[in-house]
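Can you keep this structure in mind? I'll have questions shortly.
Order as written gives the chain letters A, B, C and D; numbering starts at 1 within each chain.
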Amino acid sequence: MPGTLEDRYRAVRRQTEALCEPLEIEDFVVSSMPDVSPTKWHLAHTSWFFETFVLAEHLPGYASQDPRFAFLFNSYYVQVGERHCRAQRGLATRPTVAEVFAYRARIDDAMGELLHGLAGDDRHPAVRLIELGLHHEQQHQELLLMDIKHVFWTNPLKPSYTPHPGPEPRDPPPLRWRDFGEGLRWIGHGGRGFSYDNEGPAHRVFLEPFALATRLVTNAEYLAFVRDGGYRRPELWLSAGWSTVQEARWDAPMYWTRSGPDPSAADWTEFTLAGTRPLGAAEPVSHVSYYEADAYARWAGRRLPTEAEWEVAAREAGQGDAYERLPDGSFVEGTHFRPAPAAVAEDGAGLTQMAGELWQWTASPYVAYPGYQPPSGAIGEYNGKWMSDQWVLRGASFATPRTHARATYRNFFAASARWPFTGIRLATGPDAPG
Amino acid sequence: MPGTLEDRYRAVRRQTEALCEPLEIEDFVVSSMPDVSPTKWHLAHTSWFFETFVLAEHLPGYASQDPRFAFLFNSYYVQVGERHCRAQRGLATRPTVAEVFAYRARIDDAMGELLHGLAGDDRHPAVRLIELGLHHEQQHQELLLMDIKHVFWTNPLKPSYTPHPGPEPRDPPPLRWRDFGEGLRWIGHGGRGFSYDNEGPAHRVFLEPFALATRLVTNAEYLAFVRDGGYRRPELWLSAGWSTVQEARWDAPMYWTRSGPDPSAADWTEFTLAGTRPLGAAEPVSHVSYYEADAYARWAGRRLPTEAEWEVAAREAGQGDAYERLPDGSFVEGTHFRPAPAAVAEDGAGLTQMAGELWQWTASPYVAYPGYQPPSGAIGEYNGKWMSDQWVLRGASFATPRTHARATYRNFFAASARWPFTGIRLATGPDAPG
Amino acid sequence: MPGTLEDRYRAVRRQTEALCEPLEIEDFVVSSMPDVSPTKWHLAHTSWFFETFVLAEHLPGYASQDPRFAFLFNSYYVQVGERHCRAQRGLATRPTVAEVFAYRARIDDAMGELLHGLAGDDRHPAVRLIELGLHHEQQHQELLLMDIKHVFWTNPLKPSYTPHPGPEPRDPPPLRWRDFGEGLRWIGHGGRGFSYDNEGPAHRVFLEPFALATRLVTNAEYLAFVRDGGYRRPELWLSAGWSTVQEARWDAPMYWTRSGPDPSAADWTEFTLAGTRPLGAAEPVSHVSYYEADAYARWAGRRLPTEAEWEVAAREAGQGDAYERLPDGSFVEGTHFRPAPAAVAEDGAGLTQMAGELWQWTASPYVAYPGYQPPSGAIGEYNGKWMSDQWVLRGASFATPRTHARATYRNFFAASARWPFTGIRLATGPDAPG
Amino acid sequence: MPGTLEDRYRAVRRQTEALCEPLEIEDFVVSSMPDVSPTKWHLAHTSWFFETFVLAEHLPGYASQDPRFAFLFNSYYVQVGERHCRAQRGLATRPTVAEVFAYRARIDDAMGELLHGLAGDDRHPAVRLIELGLHHEQQHQELLLMDIKHVFWTNPLKPSYTPHPGPEPRDPPPLRWRDFGEGLRWIGHGGRGFSYDNEGPAHRVFLEPFALATRLVTNAEYLAFVRDGGYRRPELWLSAGWSTVQEARWDAPMYWTRSGPDPSAADWTEFTLAGTRPLGAAEPVSHVSYYEADAYARWAGRRLPTEAEWEVAAREAGQGDAYERLPDGSFVEGTHFRPAPAAVAEDGAGLTQMAGELWQWTASPYVAYPGYQPPSGAIGEYNGKWMSDQWVLRGASFATPRTHARATYRNFFAASARWPFTGIRLATGPDAPG
């Protein structure tokens, strides 16, 4: 994200609105399940974030035009004040979409004024908050796509978000293993540049020898698990996962539908942002929960990597500069809305699909790094208070903005979440090399 | 509703759309609680009714343009086919509002063709079904207003549907009692003209002597019950009512809000279709459940009338022609959206507010009249299958179309329903004359 | 129930304890679903009733030995004070069964003292309360059997309450119809002798001509409904009934189990108080809800009788003295625990099985008779506050004590209740004679 | 646990039954919440474990006397077969308590025969399974006490399990900090002697410098948190913890009751196995969830230790032989049923209360150690399938059998569990030494 802070502010804000272009007004309003927020809420909440944490503090004389918006568009910051019940977000028809866009424009005007005043002063305390607000908005860009996909899926008419069907099919290379030796390593964010608080402090971990699969698990590979009775064999599942399978009656990844009697791929379809399409055998399996990723790995005789393994591998496989290189070549915004099949890595044993296709479940629960301290005040609620009952995902998906991905990024969701753009990368070791 | 059948068809359809004029597109989409349907669903469902029960049967060559609409807009007619889960009605952003209006226009075109062909033939089997469809749509006009009021109430911004604040306040006359003697009477619909199946057969009932209050209970009178601890005294309530009070934490009628420490009317507001307004002391209390109406009557030392008492009184008080006269002078469509205070009846002891202000809870559970037979086929599901766990309401509200009200009309809701436009008329007797 | 009041007191109390003889201590403790109370709770609650409403008021100097029992064993009398949450009744292991029997003995001692003092004084205000307490305890004798049957059913070991398998099978006579003409009739309790408040006042009702089936519907007849897809055809059901069928996954009466692939009676068993037994084709179908009774009647082209029809028929078919005669010849306590097949009535068209086999669902919701006034104070909660969302059952079951049955008796349960000893008697008319 | 395997078998089995001596038959039957199993279920399930995993495999000719017990008393081993729904455990009144003891006796007879045949053969495959069965039964001894405490608490009569009020009060020493330096350490079970599969493999972890509190947090210290609004300040809580506080309306540890207006300790009582007692200021706070332990630590400016820190400290503080020494001096079975206040450690800075008072929540989610492999077959379900959504507790409580405690023991419960005997030990570092 080159350019001035103001350039970057404008670009991120514009990108959020660009994502809304395919939508009808009605599409902005509803929440199709408790995890999903309405599109117009995303548009307003990201603006509220700048208003509350930046403008109210740092733009002299700034006053909200409608203080009720602070109630409506606060997500979960309890130290900032009361907020609209999450369960009712999808019931509020007002403010209208037009009013929300007008609210965004007012915030952008005020931010323009503030940014103009800041110009050049990189050490002004507002700068870090604006950076945070931009990353926050980028995070919501991906949420917006996750959410609208679920809204469309819930609709019996199964609308499409995009007319582009996605990447060309190609045969993926065979799954190979890349080995990593034992030793004490550094992980976590310790350098310059933006990171969330939860990515630090950088610290040492001891790793046993391990190996990582060179690409993600494909739909065809996952279908073999389904056809082998994967969803009917409790011995493959964590106990909580098996309960979920039974209660939610899962028998395949989210968005898969079996359309015929033949259990092969030909009789399955997948709902995508381009509508219902034949299941692509070569594409990485997506929309699986942690429970499914874990059960698949057990069925395959492997396991999921820890987040430390993933991060060490991402850096080492990048030959020293992975941290900077990783996200750069990975995705091009807006050209596809579906993960692509793996390509052959140049050196034959390199890691592919580390970022830019799907987030990858790790075997690591989301807890604090040693010495972690959240910032004081409401902004400290951003990450810290979620550190229980969630699992870390690493990488980035096709829907993650390029400048929002980092090798140290710790995404997290509950074990049963399937609506994010999730996938599976296998690991093995220390005992049984792949 | 004078004029030809086609005239009446056009007028009713136009009126439904007129009711939508104050709405923004976003307002058409959501369902704020399980009882509430989205406005665009009402618009489509009433059209589906004509399509399914009239056009499909009686317009040669008629074919639906989108058969999926039959799934989306069937309410509860199980004999017609599968239907969209009621709980998900408020989640479907498509078809859009514009597409629903286009669907209405297509239905109107086809109905125009059919009506043209029928002209003059009053005995064609389609005619009765079209009459039913018109009454069905009028019923949904009132539901639409009930539902949009709840949608707006759910919204923290508390939008208004209409800028008109409602009728002028005036002091209501004192509550008096009109006596009726014992005897065998006829009730139910037995004449010509349209009625729903559940209004017949006409049949005899024996009534003990009773008296009916000359007007509805006012907000001021109901507030006295609230201030006397009405919602904290279990001995005043049916057991199921008391459970509901505690679980739902009721302490006043729906849409009332206490705005200050003073328990008098001055510190209460009421949400209306014109937004939040001071509680009108003289207006009839509205949005009470059966449980509240029953508890209020017990507190007042009275009871609710049975539906037979109400109907007999409505006819006798009308001096012979009440059945025809009743609804005529009662309401003027579209001029107010709030019940008006009672006026003094001309003869000093006549019944006022029998229709055109609020539906009146009766002490009668909704069951079949002796000899009742629903029509065969899906259309028989209209009324018959609801004959359990519901209570009859009589009269009509300010939101009931004038040509949709009848002295024999049996409206019905569950005992806990508060979002309809309900009110309370007291009765007494046989033992203790008022 | 001949003899002095004291004799009757002793006999009723003894009978409650006799019903407990087949039980192990463990059986007294649990509640297998929200409607079911533990046996030891029944034993204690019936004693609490005498303590609270009789001894505390009328035995000078009486003091409860453990005031916490008033909290534990009050069922629903809110005017008497706080009470143990119903949902936790089955979790309280103390007081032990032995302690509860000791509590009963203490109450019996005190009651003996009071009864001794009352001897001969029939007009003492305690007398009516003691009569009420005895009927209350008799009512709980039937509840105790209903409840223990469900407790045993819930247990995978399916224990038996009694070793006696029940009445001998015999072929029931064909179902015939007994006609009754139209007219104004008296119903309700107006004579001397005990009745509950809800049985009065006696009052007139107008009945259209109707006919009543001479016997109850048999298991074989009901099985024909099951085999005809009765539980899969929504058009046969009330809407609330159909929802219940789907949510609760009903496919047969409670306690029926299909043991083999053949849908005929040979492949069904029924759980009884004597354990699991082959389904008796000739026996009256039992443990059906109102919804099932109503659906069966609709499938059979008939309907359920109203409570007025049932009562008028019970009296008239008894040729003038039905009210006294009805229960006398009907049941012998303790000799069977299962309804018997119908016998041929002496005159070939008489009504059989009116009492002593199963309670019979009527088409009448449970509401107040005209002029009904519950007694003042807590005792008024006995019947009055249940007058919503319940249906009247008439007759009496094999488990109803003989001296507890009356032609005017209004039993009531919710439409979905299946654990009472319920059955089906059909009616027809006014239009279509049988 | 010295002596032969048979001696130890007899001793453990006897101890389980000794724990039941204070109970009435009624107390064995119920389950007071979903986490709680009936005492008679514990008695039977521990026997079923030997029957299923030992006798059925290793005693030639062994046959179960009642195969239905395999259904009733299997807890969660899906690979062994169908099992009774956990939610219904507390509803099964049969088999009776006497029948369960008879079942235990039959298992003991068969085990006696098997043990006799094994004598001396330490390498017979049954030996490891019998060891596992004994540890399993010891684990259930603690569960039995946790569960019966909750059953008694649920009862409004608040019965006592023991007449002994617990240890003498004494003033605890001030809370001090014991420092540990950074470095690579071994944790996990790698030696001889019994351990559960989840305690291994032994492996290296890198620890930053940290300090551990020398004793557990006391009731008085925790009360200061309560009085400081701890349960009303969301900023102190994990988000999931705060939701739980609000939904479950927590305002103090489980079993605490505020008996008066004074918020000091004098106005609080605590329910113990000896009944309701004044809150002991010096005793360690118990029956707190992970959420509460975490919130308390945040309020105190500290944190919870990781399980690796706890284990390293336990070993090092034991000066080389901690692993053997730890549990030995800690508890004497059966003499108290309540945690004791801390004593002054001999060297003034040693760790006290590491085992024998309360289990100590760690900041470590319960996941597999690197290279962990559960045993194959149903026995592999013992620990492995619970490795999600649980937190590790270390140490041992007053209710843990002495021979069941180990420095490597990984106990685990969900973050909201409060009915186990849990407490809080604080940690600090790496940044802010205590």
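Keep in mind that, in the parts below, contacts are C-beta pairs under 8 Å (C-beta built on N, C-alpha and C of every residue); 3 or more make two chains touch, one makes a residue touch a chain.
None of the values given here were measured: they were computed from a predicted structure.
Participant: Chains shared as neighbours by subunit B and subunit C?
Facilitator: Joint contacts: the list comes back empty.
Participant: Of all the other chains, whose mean CA position lies farthest from subunit A?
Facilitator: So the chain farthest away from subunit A turns out to be C.
Participant: As a quick test, compute the distance in whole Å between the mean CA positions of subunit A and subunit B.
Facilitator: 48
Participant: Just curious, how far off is subunit D from subunit B if you go by their C-alpha centres, in Å?
Facilitator: 60
Participant: For subunit B, what residues touch not just one other chain but two or more?
Facilitator: None at all.
Participant: Please give the residue numbers of subunit B that touch subunit A in the complex, ascending.
Facilitator: 24-32, 40, 68, 71-72, 84, 88, 90-97, 151, 154-157, 159
Participant: Write out the stretch or stretches of subunit D touching subunit A in their complex.
Facilitator: Contacts found on subunit D: 76, 78-79, 184, 203-206, 208, 234-235, 237-242, 290-291, 294, 363-365, 367-368, 370-371, 373, 380-381, 385-389, 415, 429-431.
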